[in-house]
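Two complexes, one shared chain (subunit A), two partners (subunit B, subunit C).
== the complex of A and B ==
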């Protein structure tokens, strides 16, 4: 092994990388546990890429074959059931981990100067993950996914001014058809992965360039001349990260074996809308809120206003580092913490209510 | 002669042209009359289908509706004929309802042969003989608050028909003077029996308007008991396949009352597989008691065949439900199960041929499909067990790796 490294080193001069690895340290403090969320999110994304590529070997993206091909994967292909179930469960755990990562970074105010770009790239990555979830949900072309996509793209159609165009762009026409499946497939396996690769690379680059952020209290202590205790990134931190990844693998395997993802019935555009249509859990809070809105608010169409509000909230989320000026000065910003807590409470409560209501 | 003249006057006056354009004085006076029997028609008439189409009191009763003066209004010279009774009712209604040209203006798709049909009915024949106790048009449709038949408030609306017929046919007092051809008294239990039947449950319970009520078997305007020879035709109107199967069976030659022999008539209960066989409570056993009787042997064979298929369907369905509950993909097996259930339905139809060999052929088709389902279900259970064993092995390996990592991390901590 060392001979190979020497051979490569001779040609490419790896001393810079070696030096970087040897010098890189991870701060040790009471909140360091939250650092692992970023790693586990990245790991689950890699699981998604690997299992997704394996599914591509058999999946056929057409309205007449998609359902049958997934059925073939889970019943006939050797370990196809495992790959499909891991892909489905990992997608959900990935979004859960991404949300947890986002909230932990938010409450630790790690977005503050100079890490604004890390936060922005991370927030955009979360939106991309939601896009992956939305587009991937339709791909098995089953009844639930078909009607949920109909409702979901309908919500996109309620965006003021550009909604109609967005709806037609997403569906590839006025209704959810085989054309929608082709588009969602292209989004899911080409467009979103390309964008995600660029953003993940940037996000990691920012993290490596700037190092791990420390909580504000810790930062103030350091500024006052305190000493920052650190652990080496390699091998100490990386081993801990790998340990967490192994736990994630164990969880994925258990979920895949005990709670296989149901395939349901093939989508039939002419069938009556089945009971219990609901989107994936991460869209439930938004879906249920839009359902509860009155048809008109202050003379505006309720759903349109709701979609606009969610769009505005997403935009505000992206620019949080520029709004929270106190945090940038390393002063506490209780208002932002309160808003974050309210948002988290709303998200959890409406997801549960939405789940129970449907 | 007098009746003919009256009819002629009425025919001349019955036209929407004569629809009252001024205030209907008949309604004005009758509504205020202290005698409830005379006031009731005036109160019921608004909302009547005829009133809504522009007809008035004089179109049936004659007279003059434009004057409040009773002697003028009830003037025989103006065609006033009072309250029609018996055959006059039929003639009054038939003036319009047997006139294709007139009816075309109001209800182009409505038949115009009701009066002719009525004349052929038991009611019509007895009326012609002078029996005024029989049903006429107004008995079933009402006189002054007539609604369209598809209006749920009409006495002739499907869910109300049994009660309407039962007004007379369930009344022992009303029916006491009527006898069956063999001289025995006419029963009055039909409505009570019908309301226990599977047909009534579908009609009233599930609001299935295609389920039969009295008039679907007996006719409405041409109401008559279906003759013994036409019983299978009556049931076969809806149960076509059963009729065809039964017609080829040995029982078609033997059963005097065809379908009714096993299923009863008004009290048709939900059929079940338990009707078949030679146990005490089965229908077959009521005739086939002797073990050497070919009918007894056939009934036993058919019972066993049906039992074989139903129990196989139940057990396969339970297996697939269990496998599905464990999260396995069983779409193909569910389709096959539905196919087997179709075979079960076909077998239940085939029973009406009373041919054990023909029944067995269908049952065998069904059990063959179910054998495939069971094989796939059992394989899925094995696969499930394999997956879980695999999981525990994987978890064991992961636990070892995690422990090794934890120990290494601990060592690194000590080194620092």
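== the complex of A and C ==
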């Protein structure tokens, strides 16, 4: 092994990597547990890439064959059920992990100067993950997915001014048809992965360049001349990371084996909407809020206002580092903590209410 | 010292075995998944290839024999012959050549006679012959 490394070293000069491996450290403090969330999110994304590539081998993206091909995967192909269930469950865990990562970073105010770009790339990645979830949901072309996509693209259609164009762009026409499936497929396996690859690379690059952020209290202590305890990344920290990934694998395998993802009935554009139609859990809070809005608020259409508000919230989320000036001066910013807590509470409560209501 | 050394080696071995088992546990299902399942479609035994009156002497037509192509030929003498149209060389679909009254594969210029035997070119084996029966005007082709 060392001979191989020497051989490569002689030709490519690995001293930079050696130095990086030897130097990279992870700060030790009371909040260090939150560092694992980014790693496990990345790990689950890798699981998605691998299982997604495997599904591509048998999946057929057309209205007449999509459902049958997924049926073929889960019933005929050996371990096809496992691969599909892993892909579905890992998608859900990935979004859960991404949300947890986002909130932990938010409450620790790790977005503060100089890590604004890391936060922005992370928030954009979360939106991309939601895009993956939304586009992937339609691909089995079953009843539930078909109507959820109708509703979801309909929400995009409610955006003021550009909604109509967006709806037609997303659906590939006026209705959800095979053309929509082709678009969502292209989005899911080519466009979103390309964008994600670039953003993940940037996100990781930023983290590596700046090192791990430490909580404000810790930072103040360090500035006052305190000593930062560190753990080497290789191998101490990476082994702990791997341990967390093992837990994720165990959870995934158990969920995939004991709670298989149902395929349901094939989509029929001329069938009535089945009762209990609802989107994936991470869209439930938004879905339920829009359901509760009155049809008109102050003379405006309720749904349009709702969609506009969600768009505004997403935009604010991206620019949080520039709004929270106190945090950038390493001062506590209780207002932002309060707003974050309210958002988290709203999200959890409405997801549960939405779940129970449908 | 030696006991610490042994304990370290023991732990390394356990850890290594754990990693290898994980890789095996992932690689095995993936490997099995990559092998396409055997098609459930039973091998076709018999089909109606054409109407006899449509096939003129010294002509041939390719028909669907299950999932594979078949070749029905009416010889210049008026006799009907049928073959599995898959060339024995590299799986191209063969055709009837009226000017030489031979079966010809366009991919690598292999030729067969009207019994399916190789005349020239790279094909290693004769074409598989199928049985032709006439039922009224229908030409029924079946596997022997």
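Just so we're on the same page, the second predicted complex is superposed on the first by the 358 of 358 C-alpha atoms of A that agree within 3 Å, B and C clash if a C-alpha of one lies under 4 Å from a C-alpha of the other, contacts with A are read in each partner's own complex, and residues count from 1 in each chain.
Heads up, the rule we're going with is that a residue touches a chain if its C-beta (ideal position, glycine included) is under 8 Å from a C-beta of that chain, and two chains touch if they have at least 3 such contacts.
Quantities reported herein were computed from a predicted structural model and do not represent experimental measurements.
> Report for A:262: first if it touches subunit B alone, second if subunit C alone, otherwise both or neither.
In the superposed model, A:262 contacts subunit B only, not subunit C.
> With the two complexes superposed on chain A, say which partner A:247 touches: subunit B (first), subunit C (second), both, or neither.
First partner only, subunit B.
> Is A:191 touching the first partner subunit B, the second partner subunit C, both, or neither of them?
Neither: A:191 stays clear of subunit B and subunit C.
> Once the shared chain is lined up, is A:76 touching subunit B (first), subunit C (second), both, or neither of them?
The answer is second: A:76 touches subunit C but not subunit B.
> Who wins on subunit A residues touched, subunit B or subunit C?
B
> Is A:235 touching anything from subunit B or subunit C once the two structures are fitted on A? First, second, both or neither.
first
> Using the touch definition from the top, say if A:57 reaches subunit B (first), subunit C (second), both or neither.
second
> Common interface residues of subunit A with subunit B and subunit C?
Shared contact residues on subunit A (touching subunit B in one complex, subunit C in the other): 82, 246, 249.
> Would you tell me which residues of subunit A are touching subunit B in their complex?
71, 74-75, 81-82, 231, 235-236, 239-240, 242-243, 246-247, 249-250, 253-254, 257-263, 265
> State the interface residues of subunit C toward subunit A in the complex, per the touch definition above.
22, 29-30, 32-37, 40
> Per the contact definition, I'd like the list of subunit B residues that touch subunit A in the complex.
326-329, 331-332, 387-388, 390-391, 394-395, 398-399, 401-402, 405-406, 408-409, 412-413, 416
> List the residues on subunit A that touch subunit C in their complex, please.
Residues 54, 57, 76-80, 82-83, 246, 249.
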